[in-house]
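In order of appearance the chains are A, B, C, D, E and F, and numbering begins at 1 in each one.
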Amino acid sequence: MATVTLLRDDELSPEAAAVFADIRATRQTDFVNNFWRAIAHDPALLARTWGSIKQVMGPGHLDPKVKEMIYLAVSIAHGCDYCIHSHTAGARANGLTEPELMELLAVVGMAAETNRLVAGLGVPVDDVFRR
Amino acid sequence: MATVTLLRDDELSPEAAAVFADIRATRQTDFVNNFWRAIAHDPALLARTWGSIKQVMGPGHLDPKVKEMIYLAVSIAHGCDYCIHSHTAGARANGLTEPELMELLAVVGMAAETNRLVAGLGVPVDDVFRR
Amino acid sequence: MATVTLLRDDELSPEAAAVFADIRATRQTDFVNNFWRAIAHDPALLARTWGSIKQVMGPGHLDPKVKEMIYLAVSIAHGCDYCIHSHTAGARANGLTEPELMELLAVVGMAAETNRLVAGLGVPVDDVFRR
Amino acid sequence: MATVTLLRDDELSPEAAAVFADIRATRQTDFVNNFWRAIAHDPALLARTWGSIKQVMGPGHLDPKVKEMIYLAVSIAHGCDYCIHSHTAGARANGLTEPELMELLAVVGMAAETNRLVAGLGVPVDDVFRR
Amino acid sequence: MATVTLLRDDELSPEAAAVFADIRATRQTDFVNNFWRAIAHDPALLARTWGSIKQVMGPGHLDPKVKEMIYLAVSIAHGCDYCIHSHTAGARANGLTEPELMELLAVVGMAAETNRLVAGLGVPVDDVFRR
Amino acid sequence: MATVTLLRDDELSPEAAAVFADIRATRQTDFVNNFWRAIAHDPALLARTWGSIKQVMGPGHLDPKVKEMIYLAVSIAHGCDYCIHSHTAGARANGLTEPELMELLAVVGMAAETNRLVAGLGVPVDDVFRR
């Protein structure tokens, strides 16, 4: 159903193969998911996207589990089914429990509801919320 | 700019006034922000929305700061300027630091980018991501 | 704040002026709102859009008030502030009462919440809902 | 394809079972669709969502058919395939005819088109549309 | 999976059949894709939509390939899987190469990322960008 | 109105100042727009975003004007007012004429309309559009 083919390992350019090797080394698994096999058609895009993901989702100020939750929340709001599946798996792999997942969904739903109420009413920002 | 008037305290119905009293007691502040003053035109909507927010954002499995971050991430994805301002303030009030805020934004941006790449490529969900 | 100028009546091309005349005749008012003054830079776009609006929002199977409500609901979901203001006004002009407006908003908010819950859970369509 | 299992009746907690009983009694059918079977993992979310739906979609100021149409319009704008299928069925069950459905879609499409034209042009809200 | 049946040629009304004939003549192919078979339930919607597509996507100021690219970019941002498939095909038919497609996707992803960063930060429009 | 301050040149960290210097050298202008002044609070995010923009929007397979048009189309679909203003300016700076801008908007609007019609009808992808 993809609009491009999903590249097998033996179809990768040398540049793409190097990125796949780094994905495997970083994640400590041989498995490389379909997203990377699709964007591998453009080695520069592949290298840039993997480099950014590695930097943004790597060690920083926020807990990895929290970052996966934020990623998942945005993916739900954008209606990206693939991303919802991969980042629900990613959040679980980082320790998200089932009750936490359901609570995350409740917050996402609540935000969606009030986001639209606010838009429909054209509510002006309170002065106290301004920096 | 609102499509309805923002109700002052002396314009509230008794049902709406009771909700405002609970908002003040729960949040331990006299301040009630514009969102509640707009939906107060419909006391049932006001009571239901406040009750849901209180339940969803109250004590549960996730940290309050994390819930505010999820709420903020969804509000950004939906482009709700009011909600972005109020929940950035809410997250800060729950301890979000400036470096954490910037990292949250980086995750949101990264998710947005890959969400759209995935959509454009029609990437099929890997079997391993299915329950 | 517009990215193009809003055309005054004396700046219109003859083709655009003819569309403005039809807008005024159809709506029985001299007032022409900013949307038309912005797209008037492209007389073909103006004529096509007005022709479509006139056909779609004109007499048909659904009540004009219901059509304005649907238009408003979509505009809220898309976060179009201008459209929210113009179609809230349009719905009121077609008889929408304040309690009805608040109820419409409650339905929109409820839909937004469950839309995102469904996406987050990847709920498969029940067979009974398929044609 | 769901990210959680869909709970069968014999897997429900007592709290969730009580909500299912109320869904069946209210709708006067034994059938409970997948959405409820997915959120039943969190009985509090299930109870709250069902309570809200029952209140919002129940008797009020707007006709049930109109409410289903608004719900459907929002679901289309959010691209929620499950919700589109379930609320098209819901609207039909409330009397929506096929010509009315097609007209609803025409209004939704028209709104989407002009929402984006307005955004692209940055059209400022006319004073007359402000309250 | 459609919410309406897809009409076969022998099920079309005379008005719809006339539009199908024009689609075939204009595109110089006997093939008529599912979108038109779905909206053919409403001959007026079919005629209007085809007329608009023919005008907008026909000869004008922009290259047909560029127009297909813009159409595709919007379809990705809206998460319309059908439209992504049909307009990726359309862009390729108008000469879009695979490296160009990947570059288009990179631009779409980049725009999505910065769109959300801007929203999250509430960045005010620079005076120099105003007309 | 921003949720963070917009950093002046004398408030930048050395890493951020280096990026600003490269922005100025690359664009051959002293002007640095607000977006960069907002994300400069996170020098790593600033450096990564600027590096990506420079790569994606720089010389490649597509014309710079076409890339700005794609960027603008996505920004309109996402309702990002800041991005719409900055990339309308960017497209004009790359040679976009006023008739071309209006035609771009017409294509964006048309795509939005049919995207939603397709979603509302649940149109299945034609086999011919699959790779």
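Some points to look at:
Assume contacts are C-beta pairs under 8 Å (C-beta built on N, C-alpha and C of every residue); 3 or more make two chains touch, one makes a residue touch a chain.
Just so you know, these numbers come straight off a predicted model, no measurement behind them.
Considering the contact criterion stated above, the chains in touch with chain A and with chain B alike are C, D, E, F. The chains that touch chain A as well as chain F are B, C, D, E. Interface chain B/chain D: over half of the residue numbers present appear on both copies, so the contact uses mostly the same residues.
Among the other chains, the CA centroid farthest from that of chain D is the one of F. Taking C-F and C-D together, the chain pair joined by more C-beta contacts is C-D. Separation between the centroids of chain D and chain F, computed from CA atoms only, is 34 Å.
We define each chain's centre as the mean of its Cα atoms; on that basis chain B and chain F are separated by 27 Å.
Looking at chain E, residues 1-4, 39, 45, 49, 52, 74, 76-81, 84-85, 88, 99, 103-106, 108-110, 112-117, 119-122, 125, 130 sit in touch with two or more other chains. The touch graph of these protein chains is complete, with an edge between every pair of chains. Those residues of chain D that touch chain B in the shared complex are 1-5, 44, 48, 52, 55, 125, 130-131. Across the interface of their complex, chain A is touched by residues 3-4, 39, 41-42, 45, 49, 74, 78-80 of chain D.
Within the complex formed with chain D, the chain A residues making contact are 79, 84-85, 88, 98-99, 101-103, 105-106, 109, 116.
Put simply, chain C touches chain A in their complex at residues 72, 76-77, 79, 81, 84-85, 88, 104-105, 108-110, 112-117, 119-122. Across the complex, chain F is touched by residues 1-4, 6, 31, 33-35, 38-39, 45, 49, 52-53, 56-57, 60-62, 66-67, 69-71, 73-78, 80-83, 85-89, 97, 99-100, 103-104, 106-108, 110-126, 128-130 of chain E.
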